[in-house]
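Each of the two complexes below includes chain A, the first together with chain B, the second together with chain C.
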Partner chain A sequence: MSLTIQIPTPLRRFTGERGEVQVEGATVGEALRRLVDQHAALQPHLYTEDGKLRSFVNLFLNDEDVRYLKQENTPVQEGDTLSIIPSIAGGGLR
Partner chain B sequence: MSLIHGEARDRGLRIADADLERIEAHGEAAYPEECCGVLIGREAAGDDPATVEQVVAADNERADSRHNRYVISPQALLRAQREARERGLEIVGYYHSHPDHPARPSEFDREHAWPGTSYLIVSVLEGKAVDRRSWRLRDDRAAFDEEAIVTAGTRRFTAASRS
Partner chain C sequence: MTLVHDLENAVLPALTPQEIRRYSRHLIMPEVGTAGQQALKAAKVLMVGTGGLGSPLGMYLAAAGVGTLGLVEFDTVDESNLHRQLLYSASDVGRPKIQAAMERLNEVNPHVELVPHQVRLDSSNALDIAKDYDLVVDGTDNFPTRYLVNDTCVLLGKPNVYGSIFRFEGQVSVFWAEKGPCYRCLFPEPPPPGLVPSCAEGGVLGVLPGIIGSLQANEVIKLILGRGEPAIGRLLLFDALRLKFRELKLRKNPECPVCGEHPTVTSLIDYEQFCGLGQEEDLGPEIDIDPIEVKRLLDSGTKLTILDVRNPPEFEIGTIEGATLIPLPELQDRLGELDSRETIIVHCHHGPRSTRAVGLLRKFGFTKAKNLKGGIDQWSVDVDPSVPRY
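Let's turn to the complex of A and B:
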């Protein structure tokens, strides 16, 4: 399956400033690994050292948060769009 | 000094006075809790700074500690990103308020921030917005660098002009 991965602005510096990357893959996890194969500098921003997806990274397959689907095992269809959405949080005092 | 750290060139953040006032009003309305939102516009290009074309207020999705913590829901961010791209624009940054606290990033802000985007912070003292500053996280995440907020000479674009 060929799908489009949308890269958020903060991660674009690791994809040669590309906002969209086309990859092949049967699942969300496979597509993400192909993305990281192509753009290795993304690795530490998407995965922890033991290879788990970072908790500050949200993935949407079309409109659905993959946490509520089958996470990284979620199957993808030809032409799907996978959006990487970084968590945005913070606040004043510790 | 044009290069602060690696590629973090300080070109500043251009924003219309009306949009800055909207952010300050949001911070005052949310006081004593933190407000938050998304800055949509155009990325920096050449010597031009990143330019805010639209301010999108978001709900603070935190259930607790809303006086000193904020979180924007991923769904709201997805919506903002989609609306931006449909207009040929991008998310260029985010804003939040610091009630009764300076407009400087906290350690908690640093731990949760991303490089390559602007973080605009409004300080709201006793219900009144008194300061606003914009920051970018260094690539090695060690610290934030302040960037200039450019308000003069801003043109508002209301129609999408795709390139």
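Let's turn to the complex of A and C:
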């Protein structure tokens, strides 16, 4: 399956400033690993040293949080969009 | 009081003839009408932060006739605020923001009661400040205060109108634990310090808080009027570069530590600690070196490596002569470009990133790494004024 991964602004420096990356994969986890294969610098930002997805990384398949689907085992359909949603704190007190 | 939803039967403050003239474009709309405008007049809204998001929020909420507007702010106006914080003018630089904001908002609408809270919101004061308001608007700029605002709202049962920005990307939602998910349901844990840059490090498009803050103001007004579909259980994402809005579904996490079925957070906690701040490894005072000392060493011919860990656009603004640029996020992968036998003077803009860089370098055996105290900003003050300050 071919799907689009949406890269949030704070992580675009690791994808050559690309906001969208096309990858192949049958599940969310597989697609993410393909992404990291293509852009190795993303690895420490998405995965812990023992290879687990970092707990503050939010993933949405289309508009659904994968935590309420089958996490990394969630199957993907051709043309799906996987979004990495960052915690951003900026507002502007200063 | 709580938000009024039965406007027909509620006892609401009357509008004066002057107010009727002022709000006429609201009053003639069926979605607002006289009862809606009275509900706005009765409403008490607490704004946390009067910066980038707080500027449009404050001005639109005041203009719309929100009766009581509480402002939480402890900072002073800095020149670098002016490209986005429209509450402030050039003549306000150096003044307490809350004072300048009160004056400006009073000009916008003298019918609004403004309540200043000139404090840094923390676990000791948040519940006491927020309890008198109907809802809270989060216009803060850091993770600890965002978790604090969230937990305060959950514990008090109040809606939290959330907005956040970074560079050219924004997020908006309404977190209201009684009716949907809270901030922690979406973000159970903060990212470790240093992974996500702040606006001070990463920058922000000046117009972006104008857009996101205005969307927050719209949600506040809808909640007060009890009209439309508030962004409860929805996260709106905005990408200013591509002019794209997207919407994600948010769910209430039954295991949420603050709003879940078995909450473990039942009072406010230490949010700095929760976000991993203030517990970075203490590298001791000997890691710092003053700009004047570095200048003296360079003049005496001592061989030093000057390592700049800022981002490339900052490097373009001004540099220390001979500096090597390796942005902090790339440092660990590019250690091979450095010589561990040399004294490495690390700098960023004013210190936080270079301190983290020195910690990383020392961990990998660069024992002679030192932090340029006060960064290139202090270098400009003490050594080379031709380097522009920003």
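To be clear about the criterion, the second predicted complex is superposed on the first by the 87 of 94 C-alpha atoms of A that agree within 3 Å, B and C clash if a C-alpha of one lies under 4 Å from a C-alpha of the other, contacts with A are read in each partner's own complex, and residues count from 1 in each chain.
Everything below uses one rule, namely that contacts are C-beta pairs under 8 Å (C-beta built on N, C-alpha and C of every residue); 3 or more make two chains touch, one makes a residue touch a chain.
Not measured: the values here are computed from a predicted model.
By the touch criterion defined above, A:Y68 reaches chain C but does not reach chain B. In the superposition on chain A, contact of A:A41 is made with chain C only, not with chain B. Applying the stated contact rule after C-alpha superposition, one finds that A:R13 touches each of chain B and chain C.
In the superposed pair of complexes, A:S55 makes contact with chain C only, with no contact to chain B.
Counting contacts as defined above, chain A residues 8-10, 13, 19, 56, 58, 60, 63, 65, 83, 85-94 meet chain B in one complex and chain C in the other. In the complex of the two chains, the chain A residues touching chain C come out as 8-10, 13-14, 19, 41, 44-45, 55-56, 58, 60, 63-65, 67-68, 83, 85-94. Chain A makes touch with chain B in their complex at residues 6, 8-13, 19, 56, 58, 60, 63, 65, 83, 85-94. Remark: chain B residues 7, 34, 36, 43, 65, 67-72, 74-75, 77-78, 81, 85, 90-92, 94, 96, 98-101, 105-109, 112-117, 119, 139 touch chain A in the complex. Within the complex formed with chain A, the residues of chain C that make contact are 49, 51-55, 73, 75, 78, 81, 84-85, 138-143, 145-146, 163-169, 171, 186-191, 195-200, 202, 204, 209, 235, 237, 239, 241-242, 246-251, 253, 327, 329-330, 332-333.
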